[in-house]
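Report on the following structure.
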Amino acid sequence: MRVSEKIIEGLLWLSAVITVLVTIGIIWVLLSESIGFFRQVSIVEFLTEKEWTPLFANKKFGIMPLVAGTLLTTLIAIAVALPLGLTIAIYLNEYAHARMRQIVKPLLEVLATIPTVVYGFFALTVVTPFLQQIIPGMAGFNALSAGIVMGIMIIPMISSLSEDAISSVPRSLREAAYGMGSTRLQTSFGVMVPAASSGIIVSVILAISRAVGETMIVAIAAGQQPRLTMNPLVPIETITTYIVQVSMGDVPQGSLEYKTIFAAGITLFIFTFALNNLSFWIKKKYQEKYD
Amino acid sequence: GSEGGSDLTGSVQIDGSSTVYPITEAVAEEYRAEAPDVRVTVGVSGSGSGFKKFSRGEIDITNASRPINDEEAKTAEQNGLAYLEIPVAYDGLTVVVHPENDWVKEITVAELKKIWEPAAQGKIKRWNQIRPEWPDQEIHLYGPGVESGTYDYFTEAIVGKSHSSRGDFTASEDDNVLVQGVSTDKYALGFFGLAYYEENQGKLKAVAVDDGDDSNGKGAIVASLETVKDGSYAPLSRPLFIYVQSKAVERPEVVDFVNFYLENAAVLSEEVGYIPLPDELYKEQQQKFEQFVSGKGAATAQQ
Amino acid sequence: MTNSERNRLKDKAFQVFGIFCTFIGLVVLGIFLIDIIIEGSRRLDWDFLTSLPSRRASRAGILTAWVGTLWILVLTTLIALPLGVAAGLYLEEYGRKGRWANFLEINIANLAGVPSIIYGLLGLEIFVRQMRLGSSLLAGALTLSLLILPIIIVTTREAIKAVPRSIRDGSYALGASKWQTVWNQVLPASFGSILTGIILALSRAVGETAPLIVIGALAYVPFTPSSPLDEFTVLPIQIFNWTSRPQAAFLENAAAAIIALLVITFLLNGIAVYLRNRQQRKIKW
Amino acid sequence: MSKKNDKLEALDLNAYYGDFHALKGINIVMEEKAVTAFIGPSGCGKSTFLRTFNRMNDYIDGFRVDGQILLDGRDIYQKDVRVDELRKEVGMVFQKPNPFPKSIFENVVYGLKIQGIKKKSVLEEAAEQSLRHAALWEEVKDKLDKSALALSGGQQQRLCIARALAISPSVLLMDEPASALDPISTAKIEELIYDLKNDYTIVIVTHNMQQAGRVSDHTAFFYMGELVEYNKTKTMFTSPKEERTQNYITGRFG
Amino acid sequence: MSKKNDKLEALDLNAYYGDFHALKGINIVMEEKAVTAFIGPSGCGKSTFLRTFNRMNDYIDGFRVDGQILLDGRDIYQKDVRVDELRKEVGMVFQKPNPFPKSIFENVVYGLKIQGIKKKSVLEEAAEQSLRHAALWEEVKDKLDKSALALSGGQQQRLCIARALAISPSVLLMDEPASALDPISTAKIEELIYDLKNDYTIVIVTHNMQQAGRVSDHTAFFYMGELVEYNKTKTMFTSPKEERTQNYITGRFG
């Protein structure tokens, strides 16, 4: 009996350790391939060169255009999702009836369960044609409609997590504010939102991280042309799209092209890793505050 | 064999050119009725990727919009593979713009070179840099990715050196993406296989190309079934191929599939928008293939 | 006085704005679903569900895609479920508090935030190349399993945490060993919530496209797979493929396939919500 | 003592949480500038009643009242009454000190700021005065910009009182204001209440009989949603009319 | 009364939660087939001590003991003692009834099943006997396959006792077994304890002095981790030796 207990515990332990192996695996895979890349391309060039044309005769290995594309779509997405999501969170928490909140919150969360390839379809076939009527001359592949649709997708991340954060602010603070004659608006912006700020920040960081790593929407709707621009109306390329683009060509292992997707991958990983850790760290501090 | 309902089983793995893909896809689809239990998969990773897998023996057949190059041939040899090149149709590599583009009617090879050569990267960015009377608007370029035979062929024919071009354009191995890009972007210019233009005529405008050589047709000429067939669409006309390797033809389903391919290539390539070879050429290919299968033809493989 | 009127006005204005924002989200969702239903429902019929892919949009169907999706679902469940539940159990029941547990927790939080395409790169290198599985169902399912592992672990932990200490005490006090307690009491009591979490994780896996593209599952595969080592396609890939075609008829196909995909996703989510509600009603500690 | 004005009245007041009848036909009149204590066992409705005077229950789903609550003779549940105005008139202090997570100064002037008062000198003046009034000025005058959360529980509660005083209400509602505090802080608060009643009408809920006896002029005893007895505190504690009051006061239940 | 054997002993027992010293040098000897009550103010260590007798504290991070606990003269904290065997000998009943979310029958036979006993007839026999012993048989015999969660609190607690009896322990530890119950259920449990002591050695933690007086033969009074006084219950309640005991018993603190 004791032996079998030990064996079972060992198996469970192994399963838990697999998660560590996955992390190690990710880092190892990204590193080992991109080290090969950085043997051929200096990090300085990688970070400072303004063009990304690793597959062409005139090879340039500047990651900036891909990073710019990623930041641009993320920026647009957050510009859409942050005001909407935060307003929704405040509205649901402070103004809406409990019943309404119970219905609307899960309905909004449906937005987050729709597969991203579906959003891509939507961006390309509905949003882009619509925007082209308003903005003539906008290219069919562009950062704007991909960003907007991505923003819609991440609304529930911000609205739900922020609403949770606001509702976990002790009731007594809200009562204090009302007791002083505050309106609902003054209560939420003057007291509740500041008190829930760390939770709200966590939700926004997670949303940013999600947008940075989003792939299908941008791969379908934002274009495949690395360019160092903040113009949302022309085709651009994000880090994720580049990886998809090269993957579709089935690049043979060991070639420089193959290595470039890992170099791009590690760049992406570093961004999201930093964001995730930041949010984890803030969350830990914040939990301590209210327990 | 048109008797239908063969009881062959097994699988045929195909990859490679996106230009040839529509023909092979059509053949594979029709072949289902012929041999329902043979599993034919067709990937689209570009001629270059196709040859790489092919020469490593990972796939049975590769689609190619350019001939195999020396390096690829050598790899195949090292892996103990012989192969047979089979032309299946002609293509006219088509230069296209948005249908609302009312300024470009024709373009010269020299101008194309000015746009696409490596030196243009980051420099030629506006339409009026090509011809002053064209608008002062950013030009958006769309073209096949570097793994594609079309890209190789185009750079060879226009820039003069295979695989040599600027890199700041929207590049995709999937020609559909290029069609989508050009058809939704008023300031776009792109190129790809004729079939993709024929399929999407309403959304695209083909641009006539002038090679400055009146011996093969005067002035600028638009790609079409006729101009490719009669050779006047130059220099962007080219043959399309499939390659079969020697280990694969030891399996009857591969042999059967290739025979079926050659029997139906004429009809199907026309259907999807390419120019079929003359009938006798298909016959000739069938014979060559027979020899190749029986082991005698290996020598006829390209050296 | 005027000041307080102004405040009230602002308050009202924000209320209107709040309703507007809330509903714009829902309206977009609505437009979006209606658009797809209108466009796709014309194509969605029995033939469409049972036909193989074809170059002619009107003859093409999604048989291979949804069968592939089912395969992926089953394989992913078989791989991720035992692993995820076991890891969750270890962390919640066995792992002592301390640096190691803390490290595991941060690690899992991080994994949950790694973009799916990175899992694709991992799968490409490890499963497709090193383990030589090729672009097979198994490689796809393994990749997706790793992707949803953190979600399953986190929900398992939450579910196990909700089982009151007193149940464990009761079991231990009767001489049960740790594993007997876990197997006879903790797991049955938390099974419903664990299942909910797993189904939600699977609904995520069903919609994933990018990692499968990276591991190379983008070929024309005109047959339904018959073993885990076969090549495959899934609904999202088929949708991606059709979406990237310029012809309107293929877009219609894409819309129809999207309906099928959404039906599967919503069904999974619906089951999860149903289970969760039932669970909440059934057990009050 | 000259007869004082009636400040607060409840007429036939009933209150409901959904189906639950929490207050049953309450009638009461409370004098200006006096302290009224509400006592009664847990759950009898003291807090519910107290909160009807500044309509703090408004936001609870399913809560409703019928009957009237008069403040200076005016029914505060009329449609045209604006709750923000009402709450400036009727201040409230809660059981658990609930300062905002802001500086001490920001806490005291919060009520003024939301009324749109921005002038530094006015705010500073008001802050000092309220803090003095709440007997906290000497303890905090050197650290007004420090976080209010760094104060002790008793100081926090006095800060909450100062915050309520800053908007110059005429009524102060206190729901067990000292129950979360240590004996020394409690004594300070009681002293403060005693001082404040010169200027304010105070209603205080308490569980502590001794406290009610010490600070209040009148006492109301509630039981299961009903007002059982209402009288001068002294009379109530020495010769209650009702048996239930007697039982409660002597600790036989509750 | 003939001298009974010593069943349980603690020798110089110290217990710690991390740095916190929860039990300080406890020495006690408890007789076979008698009821010993542990009393003392909240947090004094009663539960902690009780749980050392079946090593239920083993799973708490940072918990450790030194000193000895003897069961029938054998140190249960020895390396070679297996806790599962120990717990079959030393049953336990908790403050809040904690039936498993399974049928009544499954609850009672759980302890036997995990020992590997599968035979239906044996299990049924044991279930009936334990339920009778716990004075619950008549009430549940017709619904053995119904969920245990559907029983009333008092029935649930007796079910937990039956569950503990089913594995035939010789010692029964009870941590405030009636504190979550109504007076009628409490009376039933007390009666049951009285009956059970013919066959079992019982240790009971209680907050209720009257209860301790009614059910126990000996009483131990703990205060801040120390065993202040241990004596015949009668003696303890009539003439405690220590002032702290006196104060506690008369309700002066706690």
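Labels A, B, C, D and E are assigned to the chains in the order they are written; within every chain, residues are numbered from 1.
Everything below uses one rule, namely that contacts are C-beta pairs under 8 Å (C-beta built on N, C-alpha and C of every residue); 3 or more make two chains touch, one makes a residue touch a chain.
Model, not experiment: these values are computed from the prediction.
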Joint neighbours of subunit E and subunit A, given as chain labels: C
Graph separation of subunit B and subunit D (steps between touching chains): 2
Set of chains adjacent to subunit A and to subunit D: C
Most widely separated chain from subunit D, with each centre as the mean of CA atoms: B
Leading chain pair when contacts are tallied as C-beta pairs: A-C
Rounded Å distance between subunit B and subunit C, as computed from the means of their C-alpha atoms: 39
Separation of mean Cα positions, subunit D and subunit C [Å, integer]: 52
Centroid distance [mean C-alpha coordinates] between subunit C and subunit A, Å: 17
For subunit B, residues contacting two or more additional chains: 15, 43-44, 174, 177, 180, 183
For subunit D, residues contacting two or more additional chains: 84-85, 114-115
Shared-contact residues (touching 2 or more other chains) in subunit C: 7-8, 177, 218, 244
In contact (per the touch rule at the top): chain pairs: A-B, A-C, A-D, B-C, C-D, C-E
Subunit C-facing residues of subunit D, complex: 82, 84-85, 114-116
Complex interface listing, subunit A residues touching subunit D: 97-99, 170, 172-173, 175-183, 186, 190-191, 194-195
In the complex, subunit C residues that touch subunit B: 52, 54-55, 218-223, 231, 244-247
Of subunit A, residues touching subunit B in the complex: 51-60, 124, 128, 132, 136-137, 139-141, 223-227, 234-235, 245, 248-252, 257
Residues of subunit C defined as touching subunit D within the complex: 3-4, 6-8
